[in-house]
Amino acid sequence: MKLTKVQNQEIKDQQSQQNTTKRVISPELEKILYEAIPALDHGFIRVIDYMGDDSSIVQSARVSYGKGTKKVSSDSGLIKYLMRHWHSTPFEMCEIKYHVKLPIFIARQWIRHRTANVNEYSARYSILDKEFYLPNQKNLAAQSIANRQGRGDVIQGDQAKEVLELLKNDAERTYSNYETMLNQKFDGSTIDKNKRGLARELARMNLTLNTYTQWYWKTDLLNLMNFLRLRADHHAQYEIRVYADIMLDTLKRWVPITYDAFMDYRVGGTEVSAKGKIVLKKIINGENVLMEDSGLSKREWNELMEAFNLKNKII
Amino acid sequence: MKLTKVQNQEIKDQQSQQNTTKRVISPELEKILYEAIPALDHGFIRVIDYMGDDSSIVQSARVSYGKGTKKVSSDSGLIKYLMRHWHSTPFEMCEIKYHVKLPIFIARQWIRHRTANVNEYSARYSILDKEFYLPNQKNLAAQSIANRQGRGDVIQGDQAKEVLELLKNDAERTYSNYETMLNQKFDGSTIDKNKRGLARELARMNLTLNTYTQWYWKTDLLNLMNFLRLRADHHAQYEIRVYADIMLDTLKRWVPITYDAFMDYRVGGTEVSAKGKIVLKKIINGENVLMEDSGLSKREWNELMEAFNLKNKII
Amino acid sequence: MKLTKVQNQEIKDQQSQQNTTKRVISPELEKILYEAIPALDHGFIRVIDYMGDDSSIVQSARVSYGKGTKKVSSDSGLIKYLMRHWHSTPFEMCEIKYHVKLPIFIARQWIRHRTANVNEYSARYSILDKEFYLPNQKNLAAQSIANRQGRGDVIQGDQAKEVLELLKNDAERTYSNYETMLNQKFDGSTIDKNKRGLARELARMNLTLNTYTQWYWKTDLLNLMNFLRLRADHHAQYEIRVYADIMLDTLKRWVPITYDAFMDYRVGGTEVSAKGKIVLKKIINGENVLMEDSGLSKREWNELMEAFNLKNKII
Amino acid sequence: MKLTKVQNQEIKDQQSQQNTTKRVISPELEKILYEAIPALDHGFIRVIDYMGDDSSIVQSARVSYGKGTKKVSSDSGLIKYLMRHWHSTPFEMCEIKYHVKLPIFIARQWIRHRTANVNEYSARYSILDKEFYLPNQKNLAAQSIANRQGRGDVIQGDQAKEVLELLKNDAERTYSNYETMLNQKFDGSTIDKNKRGLARELARMNLTLNTYTQWYWKTDLLNLMNFLRLRADHHAQYEIRVYADIMLDTLKRWVPITYDAFMDYRVGGTEVSAKGKIVLKKIINGENVLMEDSGLSKREWNELMEAFNLKNKII
């Protein structure tokens, strides 16, 4: 990630603000506010603004339950209770806003989370930056054979070189032709004064999906956790997980108590189906139980055994 | 509106906070933060938290349009442009949270605005306050004859007295019976130690719809304006308009530039239908035009004439 | 539940329709379309319209995963896979619309599910029906002592009689005074020709929360299941569970394969937290484990033991 | 647009369904159900399913307003009334589902409409079709000079040829390299049996933004109209307008009364700001009014004059 002089100055200016407010603040998050945290080869995430902290969740829960919350003495106990029982609305009382730079094919996954507010850089109005994602060789995974969606072993040697070469050349060539069509360089300079450039909204279609875009993305704490639960998971594509992992760290800084409850009940937890429960009960009772009789598919069975460390029962 | 000692102390404590933040602040809104602004006889509105200000809208719009926004030199010009062209997403980048105390029948209207986060005081957990809305005599309107939804003249004299008497007595009696069923007074004291109280989630059904409830209500600036456009309008029920008018004032403090654009383009503006445009064009041209030939209903016609001050054309 | 002649005729007319369509249909749901299924003492639920069936979920999933779904040979296998892995968007491809008559205090819970479309009977425009919910004596639960939100034992004898009396009298008296204020009977007849009635939008505030209202409520299949998961649960208030249970039955008729997966993975399933998993693993391994060392609260511990039938470990 | 044999057969099968239903149907929409209506060079739109018709809007409005709607005698009058007064919820009671094939850069605009359900073909699971959008020469517009977002004159002659050549070659080359990286042809055949292919979720990043994707897209009637209002507008990019125009036609078939009201009040209508109203009032009164004194920007002024056919006042 390389920021321009102008960007660096803007960040410095934002960080030098010293405003006085009666609102609650999150001290650990303030420390990294506006900072551009690198992600992938040219991307970044910045926390731009936030509203509320752990105490805001507690405050609104206590409004809901009134005197009913007196028994739960500590804030931490109350937040754990809310998380465990899917009392989700108090978590909607906090809000966060990120500035993210990311490749377009990742942006297309990300945008599927609809309960968020977005302002994306518009390639109808402006020329996109000359930056595209090229995977690190160690992330150049082959298609998984077992799993149609997943990644298998890392591609090595000459084939790896070839892939990287293709990606690089195609991105560079299509970008260069984008400039030709626009009759304008990425820095804004005109190429041929006697020519008209193609409309930006058309020329952009020539770019490859690893071109970087950027946006402001704002969501509430509940929906942030929904996002992280899916995208920081090992089923998620590596390239979006890089962003989700950084955001997990910002979550920890922002609302540390909620973060702990989230890790315990959501990220580290497991769902056991009705049929899975019957299997586990039998195992606990020392009864014999076979996959064939369980009503579980082979994959389901194995995931259950994996989750409860019953490795010898994996088929 | 009468606040308890505990509530007054809580507000004082919140207002005495002096936190330092790198976030943008809205100085005029900070001045009234946490303050309980009275509404109706026992209700209030408090601004509890906010995120962003006018500059946040500009900032995210400039991310979207990139170099494309350079031509619009001033922040105010850009915000007006966005409002006029329904470029709504930049307005979603600001967020505000209110604490509202309001009668249940108004809460039922309010909640229809779905794009908001809500934590309401739960009468399953706790006993509702012994407070109910009784209209001021000057707001005791008769049913409109012309308009099935509206209010007509104010009811006077003995009939007014009777109505107020009925409302007061019924609210008091049902509340008192609510206590009897709960076997508990509103202050939490038990009535008869030898009896069990009815479940709170059941007993509450005996309360009348003018009983006060309260909630935390959080929304983004765009949806706040959608709310205000409908609820600060003269078609809205008086009792919700009282709240909307207070919120309009908080909007002005929070984002003064946006407020101006909102008043110009939304609140003070008029929509003219395709058929209405034909009528206006003819009038401008000095042509004769009759309601019968216009395709407009009588009501539509009159509203158009009213909007453009053509009082002599009202039928 | 008693329907008026007009309502009965309307239902008959709707049910006698025999339209031909190229759309998919759900034969079992067609059988009960428009039928008013009784709920509580005066309420009902009617399925008014629907879109899609189990095959619609499969169809859209196959568009998403393309050739990637070939391996999952059966529709039932694919739907189970989607449910288990929280691939939620295909379930959004089906839609259902209900007509519901329900007490206002239940409507206030129901409306908290925001991802739905609603048209409620408006008491600003029209007079509400003279019908209010009075619990059956066997549902007249006392407040739970253990659980601030729950119900305890059923109230018996004289106290039960008194409660029912109070509820009945208060509802009748407030309704009768509502009529007096409106200067109109529930059947529309004017009471005193020389008087003006109070505006309907005001008079309604005198009604108690057990008065019945009605609405059209439309949602997609995913959000219907989210609703049912919470509201058909034993933590839900009995009065809303009555409706949810009826809706569960309509779900079974509409999309039987999805219904089975829903019961297995959502309703009958259990979430085990990271800490809970450690406890279960130890128990499976025959290790000793104490609540005190587990990081679980007493309540959490007991719920876990309950879920896996470890009754002797309940504390 | 060229459909495969399999696709053509599937459409035929769907269209040959003759199901009997008690639901309302929309006869004109049934006629084109499932049909692939061509859009751009390789895209299409198909109506896959729908729920409700004009009468459903009326039905739910009459539930809301109860006896209050008796005065509006005709369905058409009621629908016009609802549209004019922004009573939006009855329009949410109808739902429609489309199957759309469209270029990725258009899909990225489209998806910004969040209140819809989407299942997109996943390039993580499957190989994308070898089809990319190449504009017709007559749509090869130059960048507008006046408007940063818009299109200017059409590019002609050699430059046009060059642009089309570049777009075609780059799309073909990047697609061919996509196949090389996947070690698989678009028809599924393996290229080199001794090699592993790159993971599909990675290889896709090499494709250009004019590659076609497809999705199922479902929304309610209100949000469909919101979409069409923006995307069938002349400010919208030509390539999305092609789709919106087709959808406008499906709207007309589906709910003809609503379509008329939509064209009159939304599409053909104009919003006049508070300041604009003052200007128009003066013009109607024969008073002199200058842009400089109006508080309107030059662009606003001209748009107002244009809207009301005051061409001689355009500056």
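All chains are identified by letter, namely A, B, C and D, in their written order; residue positions are counted from 1 within each chain.
Assume a contact is a pair of C-beta atoms (placed from the backbone, for glycine too) under 8 Å apart; a residue touches a chain by one contact, two chains touch by 3 or more.
All of these numbers come straight from a predicted model, not from anything done at the bench.
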Q. Can you list every chain in contact with both chain C and chain D?
A. A, B
Q.
Can you check which chain pair, B-C or A-C, has more C-beta pairs in contact?
A. B-C
Q) Taking shared residue numbers divided by all residue numbers at the interface, is the value for chain A and chain B over half (same) or under half (different)? A) same
Q: Return the distance between the CA-based centres of chain A and chain C, expressed in whole Å.
A: 34
Q: Compute the distance, rounded to whole Å, between the mean C-alpha positions of chain A and chain B.
A: 35
Q | Between chain C and chain B, distance of the C-alpha-averaged centres to the nearest whole Å | A | 29
Q: Provide the list of chain C residues touching at least two other chains, using ranges where the numbers run on.
A: 65, 68, 89, 112, 118, 122, 125-126, 148-149
**Q.** Complex contact set, residues of chain D against chain C
**A.** 14-15, 17-25, 30, 33-34, 49-52, 56, 59-61, 63-69, 89-90, 92-93, 95, 97, 99, 117-122, 125-127, 188, 214-216, 218, 220
**Q.** Residue numbers on chain B that touch chain C, as the complex places them
**A.** 103-105, 108, 111-112, 114-115, 118, 122, 124-126, 133, 135, 140-144, 148-153, 155, 159, 162-163, 166-167, 170-171, 173-174, 177, 180-182, 195-202, 204-210, 237
Q: Can you check the complex and tell me which residues of chain C touch chain A?
A: 65, 68, 71, 77, 80, 84-86, 89, 112, 148-149, 230, 235, 263-265, 267-277, 280-281, 283-284, 297, 300, 307-310
